[in-house]
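Two complexes follow with subunit A in common, the first pairing it with subunit B and the second with subunit C.
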Partner chain A sequence: MTVAAPARPPPAPGSGHPGAAAGPSRWIRRVRWYLPAIMVFAGTLAIWELAIRNVQIQGFPLPAPTEIAAALGENWAAGRWSIGKAAVATLFEALGGLAIGTFAGVVLAGLTARFVTARELLLPLAIGASAVPIIAFAPLMNNWFGVLNPLSKMMIVAVLVFFPVVVNVTRGLTQVEPAALELMRSYAASEWSVLRRVRVPNALPYFFTALKVGTTLSLIGAIVGEYFGGTNDVLGRVIVQSASALRFDVTWAAIIVGAVTGIVFYLAIVALERVVIPWHASVRVGEP
Partner chain B sequence: MRRTRGFLALAASASVLFAACSSGGASTAPASVAPASVAPATDAPASEVPAMAAVRLQLQWVPQAQFAGYFAAVEQGFYEAAGIDLTIVPGGPDVIPQAAGSAADGPEFTISWVPKVLEARIGNPASDLVNIAQIFQRSGTLSVSWKDTAITSPADFAGKKVGVWDFGNEYEVIAAATKAGLTAGTDYEKVIQPFDMTLLLSKQIDVAEAMIYNEYAQVLEATNPETGELYQPTDLNVINYNDEGTAMLQDAIFARASWLAEAGSEDVATAFLKASFQGWIHCRDNPADCIQYTVNQGSTLGAGHQAWMMNEINPLIWPSPNGIGVMDPALWQQTVDVSIGAGIIKEAPPADAYRTDLAEAALAELADADSKGASFAKGTVEVTPGGN
Partner chain C sequence: MTAPTSTVVRIIGVDKTFIRDGAAATTALSGISLDVARGEFVSLIGPSGCGKSTLLRVIGDLIAPTAGTVEVNGKAADQARRDRDYGMVFQAPVLFDWRTVEDNVKLPLELMGYDAARRTARAREMLDLVELGDFLKHHPYQLSGGMQQRVAIARALAFEPAILLMDEPFGALDEMTRERMNQEVLRIWEATGTTIVFVTHSIPEAVFLSSRVVVMSARPGRITDVIDVDLERPRGIATREEPRYFELVTAVREALRRGGGGTDSDTVASVDRTAAEGGIA
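Up next, the complex of A and B:
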């Protein structure tokens, strides 16, 4: 390992590819980009595992990563708690709620951006909705929509997602470059084509930002809703039941599945964003 | 290679650090020396007056007449007389008593249900809670449904929406359904209830789990919108799990085996049990006192509801054929069998999962008192609207 680096200017280790004349290949750049993060992640897991195995930490219910992985395997499809089935049910609630909240948020944002009256009447309502602690909403929604109806959980999610969508999309629709508006006016463009050609494209990056916030919020909302009763096979119940059985390995497995579901959900929105607004700077920033 | 070694060294030093911390925690001084957080009641030097033992009791749920015996022992000074300085730690929906009581620095005594602790004993990490006194001799769990749904036995759950609480409160119901050949998810829908009776009252579920001393009364304290009067017992079908053969032992006092192994702990435990038994005997003979003590503890539901509860709790305890707190091995075996049958545990727990010596030692000091209640007869209580 002490071999000196080659003296050539682009010192790409292992770049045996002659085709990489313009610098290291795209693949290697990607590895370099992600490697530190992967190493920190793996190192944390290793220290965690070693600490749990070698030290008996009394009164500290944290199972080792391998135990959590084993619990996940044991309870994924079968076992006392079917985490896989529960994750699908919870994701369904989260997705439905995200759709409802986003739709309502976009409609309200459109109205408030267009009509001053709507802004004065409806925006306080949206702010009020976001100010209510979500945990207070949960039993109400269960009562209104039926505790067994997934809609009761979706509405909790929708309330959570609604506000960031309203705020972001309203800003996207209204904070348009004045020069662009003047240009459109000079073309005698109709209000509709101003909306279509200027306002909506301007709002899309804001919309996706709200959606990305919404993905993680939606899983939080769904799991909070599940804490107040209803169907048995959902992540929130797996967490409650395994914790009361002191099976913290299963609890952690369910929490990790919830987190990974949220991350996958987030990445799906990022992928969608790249397809829909490839021209926007926010998509290009940080790309390896 | 050098990097690996460096990493190992780091991990090793971290291990040493952790070990130092955990051994410090494990070698907590004997119970007669109060933990720093709970100050002893008297500051007198140990040579003059024996120091009060400061201990904590984790309740299974919020303060209510279910725990009246402990409240009575506080108010009647039984704990003080036994040299116990007791701090009562309330439970609630966000507290898992068997988890709190299993923590190395957790409360010395925990009220929980037997099957929950049996399960916790094989948890990860496993609990070392030991049953030192079986207070309730009978189960208080019911499944309640409206008359018109005609659910009179667990076999009738087929095709129905069956409400249960989780947190380990559902095992008797699930075990009875299993015994009737029904599987959750395929033969009936298992619905998780919030900790009240709204789902049954709004008819979102067909049958609801209810404790005879609490939620059952909450139904009877509610007004029937059709008649404008309170719901009557005749409006309801009730399945009592004591009759179904899947009843499991409920409120018992648990302590950690690791704590009991410390010098002096067993004496403290015996003194604690003695005073607690005195409290329960007081509540059997003076229920009105104990309703007041419960309200003094800040019970959320009112005196009317606590009166109902006290009246239903006493028959779960009395008569205690072996003396209050002493385990009936047949009931223990039934609890174990039902737990295995319902898949809560896979095999019978070791014999040291419960012990009767401490309760028996406490009873020996109470030889003058009626600790069996053989002649106990349940009283009657008027239901009050809203439990007020």
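Up next, the complex of A and C:
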């Protein structure tokens, strides 16, 4: 399941200076901005609950939201499934894989941006590979790195994350305004200096785009990797095992925890982005 | 042309041919010779495709000539570039959004090893000169187009280059802003005594600013005329209403027409421009 986090922050209150608006009105504006979404969400839950309670759907086992909430409460820290612990373990795999894949992707992007030969050799491959359903390799990774070792899930995630990072960061490092390069040349700036002062800052927004895609991919990779086997205390195993035990309330609880983890992960990257590149058009507020 | 006593730029017999694989070679510049004296304000004017921007880039060693030599301060152009003799201003301001206005002006100073205190002093002095002293901590995207271009000028002047090369710096601005910027650039030129080579396609701009207007024509790009502008300085709003000003505007216009820069050839010329100047990047 896909959960779309808000793509844009709510509009800044006032027009001139961010944060200059008075406190209360700012919060009222925020609530107003989110209110429709909250109402749709609450309405959906209510209809779901009412439908399950009043309409018997034969052969379609869907637990009511209250049942899912109860299952989550029972199995969060204790019980047979301990979903909370599983979520932490899965997030650890996702984070580890994201770190490995991002690091490798940035290194390769640096090489392809620096060396034309590397670009001609590797970039078509990277672009081609990003169209491959890499998740299909998950059973192989389990086999190579040990099905019980979290590293096997991390490697699935790393490979998933790797290609968007390579493609985006290479683009950011190379698609620099030609006049900016002429300017640096007129200063007789070294290549290192051009990299540090022009190419890297130029690539940062591209890097964050890749990272935001990576948050989603990393949780998908970790959970699907877990489907193919592994220790029991991870979200993927909880989902598979509770479903085969017909405990769909637990399955749903685990899915929802996975979704919330994904959203929080994504929002954390968005927050980081705002701190690191406040000057970028996608982030900044208070333009004339 | 007699060589002035203190020559900053000496261009002798420069040709530039762009070769694209498969296509016929484009002669962007042919037989260009020109001297620019210290403290002069020289404009290069001509139709699209006449190679005026290419010539500016050859002077600044951003592209190498196919034949001929360019000397700046008695040195080869590439040596002059390594000695940081050039300040460049492009049509786009080319400011970095991740830097504040002040830090944009400091950029060349960082590269040239100025210490922090001197960087700050110099950047503030330059921003005061272009009357943006109140915008030090703003980011470029918070400024108007004219203000951004003034930051670019401040940055170009910050390290006191021997020569300022300006490539249609006000081409993207509206007419009113452009006239104000013209006045501004003259004031800065008079205050600093910098030598300026200025590319433009605006006849009034060239006449108003320059001590000499170099008229170029296309296919191949060459100098067809050099017109001395003897308008009195300091020049101001009144200058644009003097009879002599209009005579010179007419003289430049006629020189352009004689050179074949008429409107009838503009379409072809702009195709040439794409071929020739697209090859730079």
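Here is the rule we use: the second predicted complex is superposed on the first by the 250 of 288 C-alpha atoms of A that agree within 3 Å, B and C clash if a C-alpha of one lies under 4 Å from a C-alpha of the other, contacts with A are read in each partner's own complex, and residues count from 1 in each chain.
Basically, a residue touches a chain if its C-beta (ideal position, glycine included) is under 8 Å from a C-beta of that chain, and two chains touch if they have at least 3 such contacts.
Note that this is a predicted model, so its numbers are computed, not measured.
Asks: Will subunit C clash with subunit B on subunit A after the two structures are superposed, or do they fit?
Replies: Subunit B and subunit C fit side by side in the superposed model.
Asks: In the overlay, answer first, second, both or neither for which of subunit B and subunit C A:201 touches.
Replies: Second partner only, subunit C.
Asks: Of the two partners subunit B and subunit C, which one touches more residues belonging to subunit A?
Replies: For subunit A, the partner with the higher number of touched residues is B.
Asks: Considering only the touch criterion stated at the top, classify A:148 as touching first (subunit B), second (subunit C), both, or neither.
Replies: Only subunit B; A:148 stays clear of subunit C.
Asks: Once chain A of both complexes is superposed, is A:93 in touch with subunit B (first), subunit C (second), both, or neither?
Replies: After superposing on A, A:93 lies clear of both subunit B and subunit C.
Asks: Pick one for A:273: touches subunit B only (first), subunit C only (second), both, or neither.
Replies: Neither partner.
Asks: Just the number, please: smallest Cα separation between subunit B and subunit C in the overlaid arrangement, in Å.
Replies: So the smallest C-alpha gap separating subunit B from subunit C comes to 45 Å.
Asks: Both subunit B and subunit C contact which residues of subunit A?
Replies: Looking at subunit A, the two contact sets are disjoint.
Asks: Report the residues of subunit B in contact with subunit A in the complex, numbered from low to high.
Replies: It is residues 7, 11, 14-15, 18-19, 21-22, 25-26, 96, 98-99, 102-106, 116, 119-120, 123-127, 161, 166-168, 184-185, 189-194, 198-199, 202, 204-205, 343 of subunit B that touch subunit A.
Asks: Using the touch definition up top, name the residues of subunit C that touch subunit A in the complex.
Replies: Residue list for subunit C touching subunit A: 57, 60, 62, 81-84, 86-88, 90, 92, 94, 96-98, 107-108, 110-112, 139, 141-144, 165, 280-281.
Asks: If you look only at subunit A, which of its residues touch subunit B in the complex?
Replies: Against subunit B, the touching part of subunit A is residues 43, 47, 50-51, 54-59, 61, 63, 67, 71, 80, 139, 142-143, 146-148, 228-233, 237, 240-241, 243-250.
Asks: So in the complex, which bits of subunit A are touching subunit C?
Replies: 177-180, 182-183, 185-189, 193, 197-198, 201, 204, 277, 279-281, 284, 286-288
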